[in-house]
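Note that subunit A is present in both complexes that follow, paired respectively with subunit B and with subunit C.
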Partner chain A sequence: MGRYLLRRVIQVPIVLWILVTATFFLMRYTPGGPFDMDKQVDPAVKAQMEAKYNLDKPMPVQYGLFLWDLVRLDLGPSFKNKTMTVNEIIAAKAPASAVLGLYAVVIALVLGLGAGVVAGVRQNSVFDYGSMTVAMVGLAVPTFVVGPLLALVFGIYLGWLPVAGYEGMDGLRYLVLPAFTLALPFAARIARLARAGMLEVIHQDYIRTAWAKGLSEQVVVLRHALRGAMLPVVSFLGPAVAQILTGSLVVEQIFGIPGIGREFVQGATNRDYTLVMGTVILFGVLLVGFNLLVDILYGFLDPRIRYA
Partner chain B sequence: MRLAPLALLLALAAALPAPAGAEDWKAELGPEDDAWKKVEQTFVFNNGAEPETLDPQIMTGVPEHRLAMACFEGLVGHHPETLAPVPGIAERWTVSPDGLVYTFHLRRSQWSDGTPLTAKDFLASWRRVLEPKTAAQYAYQLYPVKGAEAFNKQGADKPDGSGKYPPADWSSVGVRAPDEHTLVVTLERPCAYFLDLCAFETLMPVPMAVVEQHGDRWTRPEHIVCNGPFKPVEWLPNQRVTFAKNPRYWDAGYVKLEKIVALPYEDMETAYKLFQQGKIDWMDDVPAAKIDECKRLPEFYVAPYFGSYFYRFNVTKPPFDDVRVRRALALSIDREVITRDILKAGQVPATHFVPPLPGYQSPRGLAYDRAAARKLLAEAGYPDGKGFPKVELLYNTLEAHKLVAENVVQQWRENLGITVSLRNSEWKVYLNDVQHLQYQLARAAWIGDYLDPNTFLDMFVTGGGNNQTGWSNARYDALIAQAAAEVDAKKRAAVLRQAEELLVEQELPIIPVYIYVKKGLLADKVAGIHENVRALHPFQYIWIEPTD
Partner chain C sequence: MTTPAPSPAAAAGAPGQGPALAPVLAVDDLHVRFRTDDGHVHAVNGVTFEVRPGESLALVGESGCGKSVTSMTILRLLPSPPTEVPKGTIRYRGDDLLRLSNRQMRRVRGGKVAMIFQDPMTSLNPFLRVGRQLTEAIELHLGLRGAAARARAVEALREVGIPGPETRVDAYPHELSGGMRQRVMIAMALVTGPDLLIADEPTTALDVTIQAQILDLMRRLQRERGMSMILITHDLAVVAGMCTRVVVMYAGRIVEEAPVDDLFDDPRHPYTLALLESVPRLDAALGRRLRPIEGLPPKLTEPPVGCSFAPRCRFVLDRCRTETPWLEPDADGRLRACFVPLRRGRPLAPAGGPAGAGPAAEGAGGST
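Let's turn to the complex of A and B:
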């Protein structure tokens, strides 16, 4: 286990290096640059702007400068946001996405696991068909439909919750609708995976043994079956949590959340190279980190897995 | 206040505030009684985007410009209704008869930290705009000033290949401050809209000591020092920017709002929901899908805007190197259908390029005429569209552009028998393709920078960076140059009109389609926002009325 972990941890910087290098060159060679505007900038002035951000240097030099800054954890200035560095943008906006994401993960897990496990145990029951139908809808209907609909019903018609805005950790009221909107498709995926996992486990010999011992349904399901049923859910959760925590452009726009998901997309649209690098690195680190966590969790959930 | 009548006549044919008693016009624009004093003077509006900066000399966008108008004031300001230049930090000015020397007399005013604001501040600020290391994208707003362009481009290659610009020499730039409260500006050549530029954010003063101390971060609320009617007090990225009244503003007694909150919502649906809940007082756009619903609201407003929607031809390649083909395509679009059935917000169908302006009359352009179009196309060798090559219309990916383009292409198919396919590109890819003439027909738009037809017309001179059609016409270039040298406003307008005639009636390197509108929702309780073609609404004229 120790050696396996060590090997995985050593892989992390290599994976990240490949990621940032690929992103760096993909961004630079995409047509259009950060200073291409609908109002053409005078070539002399454009040269001044490029010089200010080192874009006038040869590509290998730019890449070298970027790596050197990256080693010192300096992601550089944003080209678009003239008063903030990328570090500051991430520091300012990642928390909102993380707070929203945490709530969404909890909601997705509670709803998804609850519905999935019950549906699996009561296969072909009304609850099974009902919850899986809801899950299909949750997967099929995009957030840009669900979000405005929730805002319309609970914000405008019923007036229970604010339709948009963000007031930090304390403004829980502001987070209810966006967290649900963000959580729904994930809850649906989790429900389907948990049900499938449960169905696979429930007919295994060791579960039959548990029944045969005369254990109650509660004990059989929660202590014996659930662990096995969690496996597919956990492997899905690795990338999913990374994705939820780094925000969603759509949910942020609908509910006016000052999150990092927007920066991700806008950065690419604006060819804000440094901002794109920063958000890609953030997402990369989270993704690699959670996948590592999943691998470790696997060992606890499935005693058959041996790390060699 | 003594306005120099000759100078102003030269400078602007637009309506001017009556030069009667000092500041009378201001009082007239204000509230009739004191009822407003009983309600909270807080104005919340959706600014449509997170501001990139509050630095007036670096900013380029409309949302930033709005906030600059709150915190900074230049030599002159804009009359909220007519947009004519009104005294700002300069309480009066004179212009030499040749239109070349502007002398501004500055009032006694101060920065928000109490330091006096002098002519030296303008010198230092304008120098900052022109310094290459500032890399100010809008530095060209100062190019009418003598020596400014050469100073800004010091050492760079000249575009015509005639060598390099001379090395930096600040003393050759035509700005002087003979005393603390006088600023003398000498222009390279007469510039009819120079006063309008003086109200533009690029020419606003910045507190150089603060800029030098804090670098790029000087505009943060904890550092910023400004000279406008309001001062930023809180900036939560992508959440809101809050401004409080600046008690040290020279005309603070006139300012009625105590607090302004600018929200950054890009999604108009979100802003609309907040408006419905009474959380915001003004949004300067409406959700595209809800235009019919919004039009029925009493809070809805719509006004022509200083922008033109058009299509560019790449005139360097067949079939659009043939002017008859270009004219045929322009003649065969019924623009009414587009504005009435597709856009629906009140956009003005246009066969001319310059939006309506006081003191300028656009030519009529080529009105919809199917028969004439078919005849021209036949003359060009494509009777009933037979043998017309495959062409493609490029637009940047957006639903509204797609709908308009589909309609135009359909009209061409029905009227001329030609088939034009559509291609959409992501914004920056589209910009890149248009700039390098990698297109045949392309959707385009232009929003004017200053209140003068020249901001629309000079873009099509030979080799102009924004021409992007490959079109070159010696007579057109000569007319634009002639207008630039002309000091008589009437004659100048006539010359510019000839140029526009060439553009939209004879040569057609572009097809004008419609004039933009500004549409939005404004709560009943807000007063002091006046309709004007540039949708400029300076905050010092706005107040909140009590509602029953």
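Let's turn to the complex of A and C:
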């Protein structure tokens, strides 16, 4: 286990380096630069600005300078937001996305696992058909439809919850609708995976053995079946959690959450090289980190897995 | 779970105190069918047998004859759609298991009637330590907890001949060999002290040498405990070594029931005869050829009319195709479901039909 872990941890910077390098060159060679404006800019001014941000240097030099900053965890100044560095932007915007994401993960897990496990155990029941229909809808209807719809019903018609805004971690009322909107497609995926996992496990011989011992259904399902049924869900969770925590442009836009998802998209359209790099790195670190966590968790869930 | 079992166990105690001859289990006219898209599959069609205290009964037949379905139905382990039991009773010490509540049934399962399955590789939970899989049965049926339950688990593993039970109790199933796993299964089934053990092809998935060890172990434990056993198998060699009485099944019906020696010496049903002729025997005359059973067992989607074995039977009579023979004693009091009076592999002169191989004299001259 120790050696496996060490090897996996060593892999992390390599994976991140490949990610960073690919993004760097893709971004730089995309037509248009950060200082190409709608209106004509004086070439001398433009040259001066490019010089300030080292954009006049040959590409390998730019890449080298970027890497050197990166190892010192300096993501550089934003090209568009003159008052803030990328580090500051991430520090300012990521927490809102993370808080929203955290609630969304909890909602997705509770709803998805609950519905999936019960649907699997009671295959072909009304609950099974009902929850799987809801899951299909959750997957098929895009967030930009679900979000405004929820806001309309619960925010405006019923007036139970605020339509938009963000009041930090404690402003739970503000987070309910966006968290649900964000969680829904993930809950649907989790429900379908958990149901499929449950169906596979529940027909195994060892479940029959458990029944033959005289155990109650609750014990058979929770002690004997759940662990095996969880495995596909756990492997889905790695990338899913990283994705949820880094925010969603659509959800943040609809509910006015000052999150990082918005910065990511705006950075890309503005050719704000450093901001894009920063958000890509953030997502990359989370993705690699959660996948590592999932692999470790697998070892705890399934004793047959040996790390060598 | 720790409280002493009320009604069903108490009720079961009363008839059990009677003379030892009262059967532990009595299956009567059991019918089991499965609902499918193409109609019903009639897996078990009127099966009747009983298991007496301390005896080991073999349930024999080829794949799909209904022997496993019968045994699973005893413990109600088949999922209820699609399985239906339209008719019959299964009395365990007087209580009809088919009419117990789920709660009452759970006390019987594992506690009074335990089961061992065919494939030890898949029948143990790969996610749980061996010890846990034993202690959960101990907690449930014996009411022991913690260290006491664990100690009982170690003892149970020792009893089935697992070396180093103190450490093996913490092993996961994948860390044990197939033979060891089947020993664990046996320990798990017997640790609660059941008085009936149903073993469904317990050695089919094992190597021949391991098979012998496991059968020895089961025979020893059964004798020591005076427990009754139903052994389900298609292996006649296993039957000969393990059982006192044999029930032969074909296409969801019992075709013959006999003490084991009678059955091997002088089968009274053509299917039993064919079954015996299809396996090698050390005591057979040299040069005897093995004789396969031609054809296939019938589809069970329609309730069979006439004898199910008729299309494959070499002694078939006209009435076999229209009239269903039921399990009845023949002239010697042997139970078989057949219209042809069979003696030592030859039919006696038929009572009322023109068909038949010949007079009794020929039968006597050409035996074995």
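Heads up, the rule we're going with is that the second predicted complex is superposed on the first by the 308 of 308 C-alpha atoms of A that agree within 3 Å, B and C clash if a C-alpha of one lies under 4 Å from a C-alpha of the other, contacts with A are read in each partner's own complex, and residues count from 1 in each chain.
Assume a contact is a pair of C-beta atoms (placed from the backbone, for glycine too) under 8 Å apart; a residue touches a chain by one contact, two chains touch by 3 or more.
Remember, it's a predicted structure, so these values are computed and weren't measured experimentally.
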Superposition on subunit A - do subunit B and subunit C clash or fit: fit
Touching partner for A:Asp205 - first (subunit B), second (subunit C), both, neither: second
Touching partner for A:Gly214 - first (subunit B), second (subunit C), both, neither: second
Per-residue contact with subunit A, leading partner among subunit C and subunit B: B
Which superposed partner A:Arg271 touches (first subunit B, second subunit C, both, neither): first
Subunit B versus subunit C as contact partner of A:Val45, first or second or both or neither: first
Contacts of A:Gly32 with subunit B and subunit C, given as first, second, both or neither: first
Partner chain in contact with A:Lys80 - subunit B first, subunit C second, else both or neither: first
Contacts of A:Leu158 with subunit B and subunit C, given as first, second, both or neither: neither
Closest Cα approach, subunit C to subunit B, once both complexes are overlaid on chain A (Å): 48
Residues of subunit A that lie at the interface with subunit B and also at the interface with subunit C: none
Of subunit B, residues touching subunit A in the complex: 50, 52-55, 58-60, 132-137, 139-140, 152-153, 156-157, 159, 165, 216-217, 219-220, 236-239, 263, 265-267, 269-270, 273-274, 276-277, 279, 426-429, 431-433, 435, 445, 465-466, 468
Contact footprint of subunit C on subunit A as seen in their complex: 124, 204-206, 208-216, 219, 223-224, 227-228, 301-304
Subunit A contact footprint on subunit C (complex, rising order): 75, 77, 81, 106-111, 114-115, 117, 119, 122-128, 136-137, 140-141, 172, 174, 185, 188
Contact footprint of subunit B on subunit A as seen in their complex: 30-33, 35-45, 47-49, 51-52, 77, 80-84, 89, 92-93, 148, 151-152, 155-156, 163-166, 253-256, 258-259, 262, 269-271
